[in-house]
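So, here come the structures, one by one.
Two complexes come next, and they have one chain in common, subunit A, joined by subunit B in the first and subunit C in the second.
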Partner chain A sequence: MPKWFMPAAAVCGVMFAVSPLIIANAPYEATMGLVQKIFYYHMPSAWMFLTAAIVCGVASVRFLATGNLRSDRTAWAAAELAVLFGLLTLVTGPLWARKSWGVWWVWDARVTSTLVGWMIAWAYLILRRYGGPGSEKLAAGLALFGAANVPFIYISVNYWRTIHPPTTVVPTLVVDMGFPLMWCVATFLLLFIVLMKLRVRIEEQRARLDAIHLALDA
Partner chain B sequence: MFARAVWLILRKDLTVEVRSGEIAYTTLFFAVSCILMFSFALVREGRGPEDGAAGLLWIAIVFAGTLALGRTFERERQSETLRALLMAPAARPAVYVGKLLGIVALLAGVEIVLVPLVALLFQARGMLDHPFWLAAILVSGTIGFASVGTLFAAMLIRARSRDVLLPVLLYPVIVPVMIAGVRGTAALLQPAVDTAILQFWLALTVTFDVVFVTLALWTFEPVMTD
Partner chain C sequence: MNAMIRTFAVLLITLACAAPAFSAAAQPPAQEPQEQFRPVTELPPQEQYPVLPLLVGAYVFVVVVLFVYLFSLARRLAVVQREVERLDADLKRTSRA
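Then we have the complex of A and B:
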C-alpha cells in the first residue's frame, strides 16, 4: 500500500465522524426545514456516482484503445463504486422527496436517468461475474454507453421541466450551507479515492497471485 | 468500398432470411403473441388501458427485437461463419452497419404487421391517421434500439450465458430511446396532435441514434478483435 493510504483512510473516518456535527450546525432551509439536511449526503453521493461512471467510462476507453490491464481494473473498481454511491443516492433521494414533494418516487428525467445509470453499473458487474473469459472487453463497451448517460443526467434537470432542483442551486448557496456541503463533498471524495485504491489493489494482488500460480505450474 | 461491403453483408443476411425465413417468422410470431397476451391481460369490455397502446407496441418491438438479435448472431456462430465474416477484407464498421441494416429491415417488417394489430386491439386508430410521423418515430426508435443491440449481440457471441446477458445489458442502455419512442407514439394518439411535442421526441430519438451509432462504430473494432 502507498504511504498515503492509512493517513487518508484515517482522515476520511474522522471527517465522516465530524460531518453530522457540521450538518447539525448549518442553518435550517426556509421551506423544507430539517429534512433538507439530507441534501448534505444526497448530493455528494450523487456527484461520486457520476464521477464513478465517468472514471469507469474513461478507463474503459483506455483499456479498449491500449489493452492496458491497469485501466481495466480501474474500470471494474469504478463500476462497483458506481453501484455503491448510486445506492446511497437512490436511498437518500426518495427519503427527501417523501417529505418535500410528498411522494417517494417521481418518473422525471433526472430520477429516471440516475436509476438507468445505476442499472447499467449493475449490468456491468453481472457481465463481469457471469460473462466468462473475454467479458472484460464487452464490459468496457458497455461502460462506454454508461458514461454517455452521465451528461444526460447532469443536464436533464436544466433542460426538462422537472421538480428536481437545478444544478445552479449549488453556487448560490449561502456560506453557512455551502461550507457543510463542501465538507461532505470532500469527505465523500476522500472515501471514493480510498475505496478505489483498495479495490484496485485487491485486483492487482489477485493478478500477481495468478501469475505466481502459473509460474509454479510451468 | 465501404458501401459495397455493407451492401454485400446486408444482401447475404436477407438472402439467408428469404430462403429459410427462420428469424423473420419466429420473430413475427413472437411479436404477435406478445400483443395478444397483452390484450388478453389488459383489455376489459373491449377497452384497453388509457394511453397504453404506444407502450405495448414498443415493448413488443423491443422483446421481438431482442429475440431476433440473439438469433442473427447465433446463426453466424453455429455455422462458424462469424470468423469468416471478421476475416473478410472489409472494414469492421462495415460489418456492423451491414448487420444493423439487416436487423432494422427485419424489425420494420415486424412493425408493419404490429401497428395495425395494436391499432385494432387497443382502439388506437390515431396511430394510422399520421402514417409519416408514425413511420419517422418507429424508424428512428428502431435504429436507436438496434444500433446498441447489434453491437451487444455481436460482443456477447463468445460470452457464457449470452441469451440472458443480452437483455440485461441492452435494456438499461436503451431506456431513453424507449421513453422517447413511447412518448412520441403516444402523442399521435391524442385527439389533437401537437406537432411541437412530436418534433421534440423525434429530435430526441434522432440524437440518441447519432450518439449510439457513433459509439458503436468506434467500439465494434476493438471488442470484436481477439
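Then we have the complex of A and C:
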C-alpha cells in the first residue's frame, strides 16, 4: 500500500466519527424539520455514486482504446463502489421521502434514472462475474451507458417535473447547513478514495496470482 | 452460454435506456419542488417522534453497510495476499529445485 493510505484512512475515520456531531448542530429545515438531516449523508452518497459511474466509464474508455489492464481494474473497482454508494443513496432517499413527500418512492426522472444507473452498475458486476472470457470488453461498453446516464441524473430535476429538490438547493444553502454538507462530502470523497485503492489492490493481487499460476504451470 | 449472457446484457441495456423515457411522463408531482432550504432553530413537537426512526435508520444503515463492505474488502484482500505469498514460496522452491 502507498504511504498516504494509512493516514488517509485514519483521517477519514476521524471525519466520519465527528460528522454526526456536526450534523446534529446544523439548523433544522423550516418545511421538512428533523428528517431533512438525512440530506447530509444522502447527497454525498449520491455524489460518490455519480463519481464512481464516471470513473468506471472513463477507465472503460481507456481500457477499450488502449487495452490497459490497470484501467480495467480501476473500472471494475469503480463499478463495485457505484453499487455500494448507489445502494446508500437509494435507501436513504426513500427514508427521507417517506416523511417529506408522504411516500417511499416516486417514479420521477431523478429517482428512476438513479435506479437505472444503479442497475447498470449491477449489470457490469454480473457480467464480470459470470460473463466468461471476453466479458471485460462487453462490460466496458456497458460502463459507457452508466457514465452517459450521469449528466441525465444530474440535470433531470431541472428539466422534468418532480418534487425532488433541484440542483439550486446546494448553492443557496446557508453557511450553517453548507458547512456540515461540505464536511460530509469531503468525508465521503476520502472514503471513496480509500475504498477505491483497497479494491484496486485486490484486483492487482489477483492479477499477480494469475501470473504466478502461469509461471508454475510453465 | 456466453451468447445467452450477451443477449441478456443487450436486453438489460435496452431496458435501462428506455425506462427513464417511460417514467418521465408518469405520476405528475403532488406539490412543487422546494427551491431553497430555510433554516429554523425551533422544531415543531409533532415533528419529533415519527421522524426519528427514519433519521436514525438512515444513518445506521449507511454506517452498517460501509462497515460490512470494508470488512468484506479486508477479508478478500487477506485471502488473496495469503494465496500470493503461498504460491510465491512454491515458485521459489520450484525454481531452486
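Criterion: the second predicted complex is superposed on the first by the 218 of 218 C-alpha atoms of A that agree within 3 Å, B and C clash if a C-alpha of one lies under 4 Å from a C-alpha of the other, contacts with A are read in each partner's own complex, and residues count from 1 in each chain.
In this section, a residue touches a chain if its C-beta (ideal position, glycine included) is under 8 Å from a C-beta of that chain, and two chains touch if they have at least 3 such contacts.
In this text the structure is predicted, and so the values were computed from the model without any measurement.
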Clash-or-fit label for the pair subunit B, subunit C on subunit A: clash
Residue contacts with subunit A in the superposition, subunit B compared against subunit C: C
Touching partner for A:112 - first (subunit B), second (subunit C), both, neither: both
First, second, both or neither for A:152, with subunit B first and subunit C second: both
Which superposed partner A:140 touches (first subunit B, second subunit C, both, neither): first
Contacts of A:132 with subunit B and subunit C, given as first, second, both or neither: both
Touched partner set for A:123, first subunit B, second subunit C, both or neither: both
First (subunit B), second (subunit C), both or neither touched by A:166: second
Partner chain in contact with A:65 - subunit B first, subunit C second, else both or neither: first
Stretch in clash, subunit B with subunit C, out of 93-101, 165-173 or 201-209: 165-173
Shared subunit A surface residues [contacts with subunit B and with subunit C]: 112-113, 116, 119-120, 123, 127, 130-132, 134-135, 138, 142, 145, 149, 152
Interface residues, subunit C side, partner subunit A - complex: 1-2, 5-6, 9, 12-13, 16-17, 19-20, 23-24, 26-44, 47-48, 50-52, 54-55, 57-59, 61-62, 65-66, 69-70, 73-74, 76-77, 80-81, 83-84, 87-88, 90-91, 94
List of subunit A residues in touch with subunit C within their complex: 20, 27-38, 41-42, 45, 84, 87-88, 91-92, 95-96, 98-99, 101-102, 106-109, 112-113, 116, 119-120, 123, 127, 130-135, 138, 142, 145, 149, 152, 156-157, 160-166, 168-169, 172-174, 176-177, 191, 195, 198-199, 201-202, 205-206, 208-209, 212-213, 215-216
Complex contact set, residues of subunit B against subunit A: 148, 151-152, 155-156, 158-161, 165, 168-169, 171-173, 175-176, 179, 211-212, 215, 219, 222-223
Residues of subunit A touching subunit B in the complex: 64-65, 112-113, 116, 119-120, 122-123, 126-127, 130-132, 134-135, 137-138, 140-142, 144-146, 148-149, 152
